[in-house]
Amino acid sequence: MIRKEQMSIVAHERISDNIYRIVLTGDLVDEMNNPGQFVHVKIGAQAEPLLRRPISICEIKQERKQFTMIYRKEGLGTSILATKMPGESLDILGPLGNGFPLEAAEEGQTALLVGGGIGVPPLYELSKRLVEKGVHVIHVLGFQHKDAVFLENEFAKLGETYVATMDGSYGIKGSVTDVIAEHNFSFDVLYSCGPKPMLKALAQAFPNQNVYLSLEERMGCGIGACFACVCRVPNSDTAYKKVCSDGPVFKAGEVLL
Amino acid sequence: MNRLAVKLPGLSLKNPVMPASGCFGFGREYAQFYDLSQLGAIMIKATTLEPRFGNPTPRVAETPSGMLNAIGLQNPGLEKVLSEELPWLEQFDVPIIANIAGSTMEDYVQVAKEISKAPNVHALELNISCPNVKKGGIAFGTIPEVAAELTKLVKEVSEVPVYVKLSPNVTNIVEMAKAIEEAGADGLTMINTVLGMRIDIKSAAPILANRTGGLSGPAIKPIAIRMIYEVSQAVSIPIIGMGGIQSAEDVIEFFYAGASAVAVGTANFVDPFVCPNIIEELPKLLDQLGVEHISECTGRSWRKSGQSSYCGA
Amino acid sequence: MNRLAVKLPGLSLKNPVMPASGCFGFGREYAQFYDLSQLGAIMIKATTLEPRFGNPTPRVAETPSGMLNAIGLQNPGLEKVLSEELPWLEQFDVPIIANIAGSTMEDYVQVAKEISKAPNVHALELNISCPNVKKGGIAFGTIPEVAAELTKLVKEVSEVPVYVKLSPNVTNIVEMAKAIEEAGADGLTMINTVLGMRIDIKSAAPILANRTGGLSGPAIKPIAIRMIYEVSQAVSIPIIGMGGIQSAEDVIEFFYAGASAVAVGTANFVDPFVCPNIIEELPKLLDQLGVEHISECTGRSWRKSGQSSYCGA
Amino acid sequence: MIRKEQMSIVAHERISDNIYRIVLTGDLVDEMNNPGQFVHVKIGAQAEPLLRRPISICEIKQERKQFTMIYRKEGLGTSILATKMPGESLDILGPLGNGFPLEAAEEGQTALLVGGGIGVPPLYELSKRLVEKGVHVIHVLGFQHKDAVFLENEFAKLGETYVATMDGSYGIKGSVTDVIAEHNFSFDVLYSCGPKPMLKALAQAFPNQNVYLSLEERMGCGIGACFACVCRVPNSDTAYKKVCSDGPVFKAGEVLL
C-alpha cells in the first residue's frame, strides 16, 4: 500500500562527485517489497519547490525500518535536499510503481544488470534479492567519468562487475553496450535502468530476450492520476501506459521508447 | 447544522471542497488514500467524444511555486467514461461534476447530452478554456459571443445544471462572465490555468513538448482571487473558485473574494490527502474567525454587511 | 570583444542587464551598494507631468514566489526629475531609459518631449500598462488602436528611441505588439505586472489599500517567457525582457525565449546586489553553455540555426 | 553603512507564547549604532517566502559582534524562521533606518519608554543606552495577556517598569495609556514603539512634548527605493516620508499617523 510519512534522516553523505546517499527510517519501509520501485519526495513544506521528486529505492533494510536512496544533485530540489541533516525529516510518498520482476529469473539462471549513471541505484536492491535467490548476476555499470563512479564495491561483492566510463578515465572506455558487445555475455534475463538512449540500444541489441527496462519521465502526481508520465504502446493511437503506476519497469516492447 | 454544507444549482454539497478537473483522474488513485465520500464533490477529468492520447511528453514542468502542464485532454472518451468510470464512482456518496471538452460545438453538445444522463452526474463543467489543445479550447474561452453560443447550445441539451469554466487569459474576465451568465449558465468555475512556458537552459528548447502549457498552483492564486473578486460582483450566479488552493486559509480567501465553493487542483499532487485535510481544518478555522457557517464568508471582501450575494446555504 | 555588449536602438550597452522601472527608484539607494556604472542601463521610476503621491498604504503584499504592488506611480514629477534626479545620475557611465506615464495622451507627449532632451536619457519606455492607477494606464495597454496612437504621438516628439512596455493582462499580446510596432516603436519591453489580489484572512479585507495590485517576481516568470516567445517571433523590433528574473540562468532563459536584453525588478528588493551579481555570473554561464556572445542566445528556443532574428551585437 | 551578510545564529529560543529571541553574529554588527534601527531578514534562499522581513534590533553587543532580535511567530516567514537552529545562517541586510534620537534626552533627565507587544524589543537597547548616559528611564510595557509578556525582568534591571495586560491577567489591567494616565508620569522625552492606535493615543495625549514614535509599514526594499512604505506629512498632497529610510522613528507630528 502506498503511504505518506514524515520519515527521519538517519544518515546522509556525499559519496562521489555530485552523488549523495541518504538513509531514511519509518514505518513506510514495511510496505517496500519490490526492487525498482520509487518514492516521491517533498523537499520542504514551502510552495517552492512545489512538486515532489521521484527517487528510486536503492536498498531496503526491513528489519531496521530503513531504506536508502542515492541521488544526484541536479537542480533546485536535489540541491536543497543535499543540505538536509540527520535528524531532520522528509515527507515521503511511496512505495510507488512496480519494480523489476524477480520471478523472471530463476535459481541458477544468469541475470545481466545494466545501469547507467543515476540509473544504477535501483539495481542494487535488485541484485541483492537475485543473489539471495541463487541467481547468478553480472553487473555492467556506465558512468560519464571517473569522479561520477559509485557503488562499484557494493556491486562487486554481489557478483562480476564491469565499470565503463565514457571518457575512459576509469574502467573500460565506452558505453555499457560496448562492454556487453565485447564480452558477449550470455544471460537469461536483462534488467536495466538508465538514460533512454541506453535503454533503446539494449532493447534493439536483444530483441528476442527477456529484457526489463526502467523508464524515467517528468511526473506530477506519481500515482497515476495526472497523466503527466504516459508513454505510448505499440500499434495504437490512444493506448498508453503510465510510467509512475504501470512502470517504471516495463518489459522491452511493452511501450514505445 | 452542518457548517460546511452548501447548496449550488444541481449540487447539495456536504462541504464546499472538491478536487479540480484533471488533477484527480476519475478518482481511482485517490480512493487508495481515503473514502471519496468525504469530498464535497468530484470534478472528473475532461471527457471528449472520442478517446484522446493528448500531447507528447514531457507534459509537466515546474515553475516557482507553480507548475506548467500540457496534458492535452488525454481521456478514454465518452463511451468508456459512461460505461466504466462513472459507474465505478457510484459506490461513493459524492456528486460528480463532469468536465467536458471538444474541438467543435457539436462535440460539446453530444458529450453534454449523454454524460448529463448519468445518475451520479449532478452538473456539467464546460471546459472552454483548455490552453493545451490545438483546436477549440482556447478560442471558446476568449470570445464572449462564442462562449455564450456554446453555453446556450449545451444548456438546451443538458439534463443537469451547467457551469462554465473561465480562462484567465483574457483582457476582460467580467465581460466573459456576463456573456456566459446571460446565455443561461447556472454557475461559473474559475480559474483555469494561465498560459506559460519554460525553456531548458542546457538544450535551449522549451521543457514541454507542447512548448507552452497551463500554469497552476500557488503562483496563480493572486490572479484567481482578483478575477473572482471582480466577477462575483458583476454576476449573480455562484462561482466555484480554484487556482493555487493548498489550505483551509486559502479556501477562506477564495470565499471572501466571492466564491461559494472551491476546487483543489495541483495541491493533490503535492499531498494526496490535501482535500480531506482541508475539510477537517475548515471548522476549526471558522471557529477562530468567529464564523458560524462558511457561506457567510462568500464575498465578504466586497460585501457591505447585510448586503446579500449568492449564498446558497 | 565584450561578450555581454549589446546594441539596441539608442542604446549601446556594456551588458544587457538593467534594473526595471519602479524597482530601483532613481538609483540613489543602490549607489550605496555598488557603482551604478556597472549596469547595462537604468530604467528609472515612472515619471509623470506633475508630482504624484500615489496610493494609500499598504502598497505591497506577498504572494507565493511573488509580490503584489500598488504604488500608484508615486514620483516627484517631470520638473524635479529633470532638475535633480537625471543630473545626479550623470556622474555614472550608464545610459538611462526614462519610464514615462500619464493620465492622458497629452501628458505622455509633454513628458516625452521634455525628458527625451536630457543628455543621459538614451531611450524612453512608455508605461502604458500600469495596473495601479485609476485613469489612463491600463486602458492604453489593452486596446491595440489606443496603444498605437499613443506610440505615434510620442514618437513624433521624442528625441530618442521609444520602447513600449506591454501589459500581460490581455487576451492577445501578439496583436498588441504588432500594432505598436507598426506605429513606429523602436522596441518593446515586457512584461509589466499581472493583475492580482490578496485578502487578509483575519479582516476579510484586501491587503492592499488599493485592493488590486500588480503581481511581480518569480511567480510570473513562466508568463513572461511565454509572451516573449510569442511576440519575438511576430515582430522584428527588439525586446527587453523582464518578469521574475533572479539569476544568470533566468537571463539566458529570457534570451532563449526571444529577449535581446533584460531588466530585473523585484529581485532588487530581495538582494540589492542582484544586478552586479548576475553581470558577474553571465560570462561563466556562457562558458558552460559554449556560447561566445550573449546575443547568440536571442530567440534560440524558436530560431532554427542560421535563421536570423533581431540580434544587435 | 548598510551591509548584507550571512550571519550565524548563536542562540535561538522561545521566550514566551509565540515570542522568540534569536542572537546573530557577524561583522555587520560593527555598523549598528542607533537603537531603533532594524534589519531586513531573508528567510531561506528560495523564492518563497520571497520578500525580506523587517525586524528591529533589540540588543547590540559590539564587543562580541552579536546582536539580538525578538520576534513573534506570525505568518509564513516567522514560522520558518522559528525552525532555524544555532549554527545555521541567516541573510541579513542592515542596519536600516534611523533609530531613536539618544541626544533628545540629556543626563539627569527622565525618558518615558512606552512599548506595545512586539514593539517592545527595540526599546531595550534604547533603554540601556539612556541609562549608560545617565538618563532616568521609566518603562511602560503593554501586552495582550499574561502569556505574551516578555523582557519584563530585563527592563526592570534598568529602571522602573510597569506592565499592563489588556485582559488583566498580569500586571495592571488595561492599556499603556491607562497606566500613563493613572501614574501621571512627568518626563522630558517619550519614546514609543507599538501598534498604530497606541502611537496615535500617545501623540494626542502629549501634543506639546518631545515624543518619538517608531512606525511599522509593509515593506518592499527596506532601503528607500520602492516607495512601498511611505506616509504622508502634514499640509501637503505630495510630500511624504519613507518609514524604512526616513524612519522608522519619527518625531510626533512629523508624519500623519
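A, B, C and D label the chains in the order they appear, each numbered from 1.
One rule holds for everything that comes next: a residue touches a chain if its C-beta (ideal position, glycine included) is under 8 Å from a C-beta of that chain, and two chains touch if they have at least 3 such contacts.
It should be emphasised that the depicted structure is a prediction, and the values quoted were computed from it without experimental measurement.
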Which of A-B and A-C has more C-beta contact pairs: A-B
Whole-Å gap between the CA centroids of chain C and chain D: 36
Chain A-chain C separation of Cα centroids, rounded to whole Å: 46
Touching two or more other chains - residues of chain A: 47-49, 76
Touching two or more other chains - residue numbers and ranges from chain B: 63-66, 217-219
Category of the chain touch graph - line, ring, star, complete, other: complete
Chain C to chain A touching residues, read off their complex: 64-65, 218
Residues of chain C that touch chain D when the two form their complex: 22-25, 28-30, 32-33, 45, 51-54, 57-67, 69, 71, 74, 76-77, 207, 217-219, 246, 266, 268-273
Sites on chain D touched by chain C in the complex: 1-2, 4, 42, 47-52, 76, 93, 217-232, 237-238, 240, 245
Residues of chain D defined as touching chain A within the complex: 44, 46-49, 76, 80
Contact set on chain C toward chain B in their complex: 63-66, 68, 142, 169-172, 194-199, 201-202, 204-206, 211-212, 215, 217-223, 225-226, 229, 244, 249, 252-253, 256-257, 289, 297, 300-301
